[in-house]
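Chain naming follows the written order as A, B, C and D, and within any one chain the residues start at number 1.
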Amino acid sequence: MSKLSITAGGLKLKNPVLIASGIGGYGAELIPLLDLEAIGGVVTKTIFEEPRPGNPPPRIAETPNGMLNSIGLEGPGIERYEKEKLTRLEGLDTRIVVSIGGYGPEDFAKLAERLDDLDRVDAIELNISCPNVKEGGLNMSTHPNLAEEVVVATRRVTKKPLWAKLTPNVTSISDVGRACLHGGADALSAINTLLGMRIDVDRREPLLARGMGGLSGPAIRPVALAKCFELVRALNCDVVGIGGVEDTSSALEFLVAGCKAIQVGTVVYAEPQVPVDIVAGIEAYMDKHGFTELSQVIGTLKVEETLLIGPKATKAK
Amino acid sequence: MSKLSITAGGLKLKNPVLIASGIGGYGAELIPLLDLEAIGGVVTKTIFEEPRPGNPPPRIAETPNGMLNSIGLEGPGIERYEKEKLTRLEGLDTRIVVSIGGYGPEDFAKLAERLDDLDRVDAIELNISCPNVKEGGLNMSTHPNLAEEVVVATRRVTKKPLWAKLTPNVTSISDVGRACLHGGADALSAINTLLGMRIDVDRREPLLARGMGGLSGPAIRPVALAKCFELVRALNCDVVGIGGVEDTSSALEFLVAGCKAIQVGTVVYAEPQVPVDIVAGIEAYMDKHGFTELSQVIGTLKVEETLLIGPKATKAK
Amino acid sequence: MDQEPRLDRARVRAHEETGPGFYWLQLELPADYPETLPGQYLNLKTNEHGFKFRRPFGVVEFRREPQAVLIELYYAVVGSGTEAMSRWRPGDDVDCLGPLGVGYSVDKAQPALLVAGGRGAAPLLYLYRLLKESGHASIQFAFGVRDEELLFGMDRLQETDVLLASDNGSVGFHGNILQAIETERPSWLLGQPVIYACGPEALLAATGGFAKRHALQAQVSMEGVYGCGLGLCRGCAVPLVDEERFLMQCLEGPVLDAHRVDWEKVPHV
Amino acid sequence: MDQEPRLDRARVRAHEETGPGFYWLQLELPADYPETLPGQYLNLKTNEHGFKFRRPFGVVEFRREPQAVLIELYYAVVGSGTEAMSRWRPGDDVDCLGPLGVGYSVDKAQPALLVAGGRGAAPLLYLYRLLKESGHASIQFAFGVRDEELLFGMDRLQETDVLLASDNGSVGFHGNILQAIETERPSWLLGQPVIYACGPEALLAATGGFAKRHALQAQVSMEGVYGCGLGLCRGCAVPLVDEERFLMQCLEGPVLDAHRVDWEKVPHV
């Protein structure tokens, strides 16, 4: 057993470095660029039951140390996903976490039930940052109750590890996280993108066809880290850290803050090797500090309780 | 009357460019570095009734295209502010907006009443991102009711323009904004900093003594712009745009989105001349596009209503 | 795309400003670098620190030497990325992802009409050389620029094949290059030439209309903002006529059949 | 601070790597540049695009020429900002905010004991020259490094005045420079010398204790992360003994009376 191995949200990983959902397509597309077996796993792009064409262009824009996207959850639907995408990962020695989406709890449950039968699926990530059509389009991950319903519905139909992916665009992420845990989630993945916008001032049009989009990349890392630390402290649960990880040191920030694993997103586009480099970097860090297992790193942040600010600074539990 | 002049939140400005609160001290400190009479005005650092020593160091950290701060609202208190700081701005042909803070509505009212008598004070900005001590430390700007109380209490004691400064760390900024307008605010200033964090992974300590701090700088501009646009659309009110403005084009993003004025913050530290350059840049932009008054720029964003996403995409009016 | 993309350190062998804000760059890559064809591109990292998208550039020349592969680019400084590139010096190593995309697919039986707008001439100069070397029967090169100053690569073309146009009349036909063809070289449109176009989006859209009007085939090299260049981010979506799905131009293009593109819905770059 | 800070474009006149990752930089400033004293610093912009804090560097030499003022710096590459600086070339113009801060205030009546740690020797080399030129009666220079390789500026010092120490014993006393003084030059502590120190925070804190033990005055040049260098951001707060307020080291320092600083609470850089 490698010294980087870790169990995060019920999933045993050879190391704590995964690729975030929506970043590496359905996984196989990354094979020419990076050794998927060298990393802990890949979270595949959120899949819906039906095919979705996605949003009209322009869909992306560069921002200072980040990017905006409004891809609109484009995808081939579960049928073709299963046949054409998942099969290409057969035999690969890396974890596959399948991200699913839907417009209500039933949609999620339907997909989860189907995935429950598939051996290649190691865990399921619930992308609850979608509008609930029944509830008038409310974003499910901004409402603890709606989020919990999704987890409960999927928990009922699968024994696979369930990770609930949270939006940062809320007053209290730990309220939503608590609800998801209560519903039976094994881990919380945080964060999804921040809502953002850019404008072309000469044309006086938004740079994204849909006006706003999701902000990601190193720019948002401080926010992501604060949200993850809030979750760890408030809920004392397994958190998978996501947001602006760009190198070993930024990956370690999340681990030291208490995340059990991390996902690398946007920077993969500029530097596809980063996830593999981070695995090596974490090992070198552990050697330098004389750590022999990853648990000696995770959650070891020294804080002066009396000084700490931030929401839910006191541990529930 | 210059073609850049504009009235924002009841305050007539010679141009729409101000310095954000906490950035340029109490104003006079900036005089060697930039011509304060060339810009619309300065919002002075948030002042409390009593002197505050501020937080222990470290108080700041650099982040990708941004910074974290946890200064802790250090300040000399209103008495010395009035005698030693405000007086140094006497006779200067630029607007002075005084930012005030407190632990409850009464604190704000006390300060506002006092400032109401001072001619040099052109407007008051309410920094409601402080914990309300009476209400168990709840951040006033995350609770519409608490925010409204602060505005109501200050509105009662002053006729000066009142700007309520909003935090972005909420699910719905327009709910808080609406409450402030209802309480009598003339404008909404948005945004204050995002909550963020950095960790020194070798020492395994937060880089700020208090753990978390406020994220500012170009990194947050897309978020700031989305929040401002949300306010403009949802509330159809005067918004003063703040967050990551770094040059003419980023200032114009806020104006085109519908902000009546903008405040420049963090980048002033790296490039003190930026606010003055932006004034010239906006004028050049107007000339290039044949605009003769600033109102021809403000709020002229063309959007396809059917495509738009984001909270409160529909105008409340 | 047949080859798999790879990451290399490319060494700058030569770098020159050939016009105002316009640069010629020669990169040295490993000798086993895969053949890169006209219309394909390299995605270069232009920042040392922090995150930015890579910047795509079409290949202008590809030459195999005993010890290395030489690739040439022409680029214009338009923003921070190309500005940083302009400071590269011979001997610098730069981060190169490539070869990427699908280039022009030559129809040997039909006359070739190359339509270039501004710096869009870059890949067409390479296509021109290959066509010449293959003994292609009919090759015409139409090159429109804003101003004479912005012409480049003319030494790579045979004068008799070239038609010039400029927006300000400083060189050649006064007007756009498609009008120039219709007005000055109508004969070029006989014999069902295939159009190979590259240039600003407005020219490509116009080329689409032009090809339709004259019932010609047209391959256009799209410009767009690329998040990845690998088909991963799904950012470079091109709207198509008669199809609900979007096509990822970075992977299935950048060269596309002009008739498949829904030009009304193509975003401005 | 008497002078007002100003913004200038400084021209790089010379730039050399004098040791591994260690650079000597000569900047040319306008002839009317205000006198800049030992301990004062310049705040340089190291990025062309995007936002970063400026980086502060202590002045090592200040010379007035007929047409210009020459300022020299020594710096170590430790992160992205200094890495970018290391690529500056003679002729480049760089964005310089200065002169900033309050430097050493020399006590002419007392012997001077200069205590340098690593690259902290930089401002003390300048102080040493001024003291020599002013005919100061007693000047000693104690210089501690991690390894011999990291010594610099030795040609600016007279050998007889210098005591060396290294953490690894590669040069001079094996151990830290304060121990070296106590062990090898106890005589230097007679006559109530004033300590002028610059170096890593740990050395400064130790110097504070050392000065207390020996009942000496000590002026130390603080290191800290500066958001602005102008007293504006209130980021560089130094905790003081016996005072509730914090002192802004960028404005009231960087050189401070070691006895005023609450070393327990000084953050690590």
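Basically, a residue touches a chain if its C-beta (ideal position, glycine included) is under 8 Å from a C-beta of that chain, and two chains touch if they have at least 3 such contacts.
Everything numeric in this text was worked out from a predicted model, so none of it was measured.
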item	value
Set of chains adjacent to subunit A and to subunit B	C, D
Maximum centroid distance from subunit A, chain identifier (CA atoms)	D
Chain centre separation in whole Å, for subunit D relative to subunit A (CA means)	46
Subunit C and subunit D: spacing of chain centres that average the CA atoms, whole Å	53
Distance between the centres, which are taken as Cα means, of subunit C and subunit A, whole angstrom	37
Per-residue multi-chain contacts in subunit B, two or more chains	55-56, 64-66, 203, 209, 217-219, 246
Multi-chain contact sites of subunit C, meaning residues that touch two or more partners	50-51
Topology of the chain contact graph, where touching chains are joined (line, ring, star, complete, other)	complete
Of subunit C, residues touching subunit A in the complex	4-7, 45, 50-54, 95, 97, 224-225, 227-228, 230-239, 244-246, 265-268
Touching residues on subunit B, where the partner in the complex is subunit D	22-25, 29-30, 32-33, 53-62, 65-67, 69, 71, 74, 203, 209, 217-219, 246, 266-273
Complex contacts: residues of subunit B adjacent to subunit A	55-56, 63-66, 68, 70, 142, 169-171, 194-199, 201-206, 209-212, 215, 217-223, 225-226, 229, 244, 246, 249, 252-253, 256-257, 285, 289, 300-304, 307-311, 313
Subunit D residues touching subunit C - in the complex, by the definition given at the top	47-50, 80, 83-84
Residues on subunit A engaged by subunit D in the complex (per definition of touch)	64-65
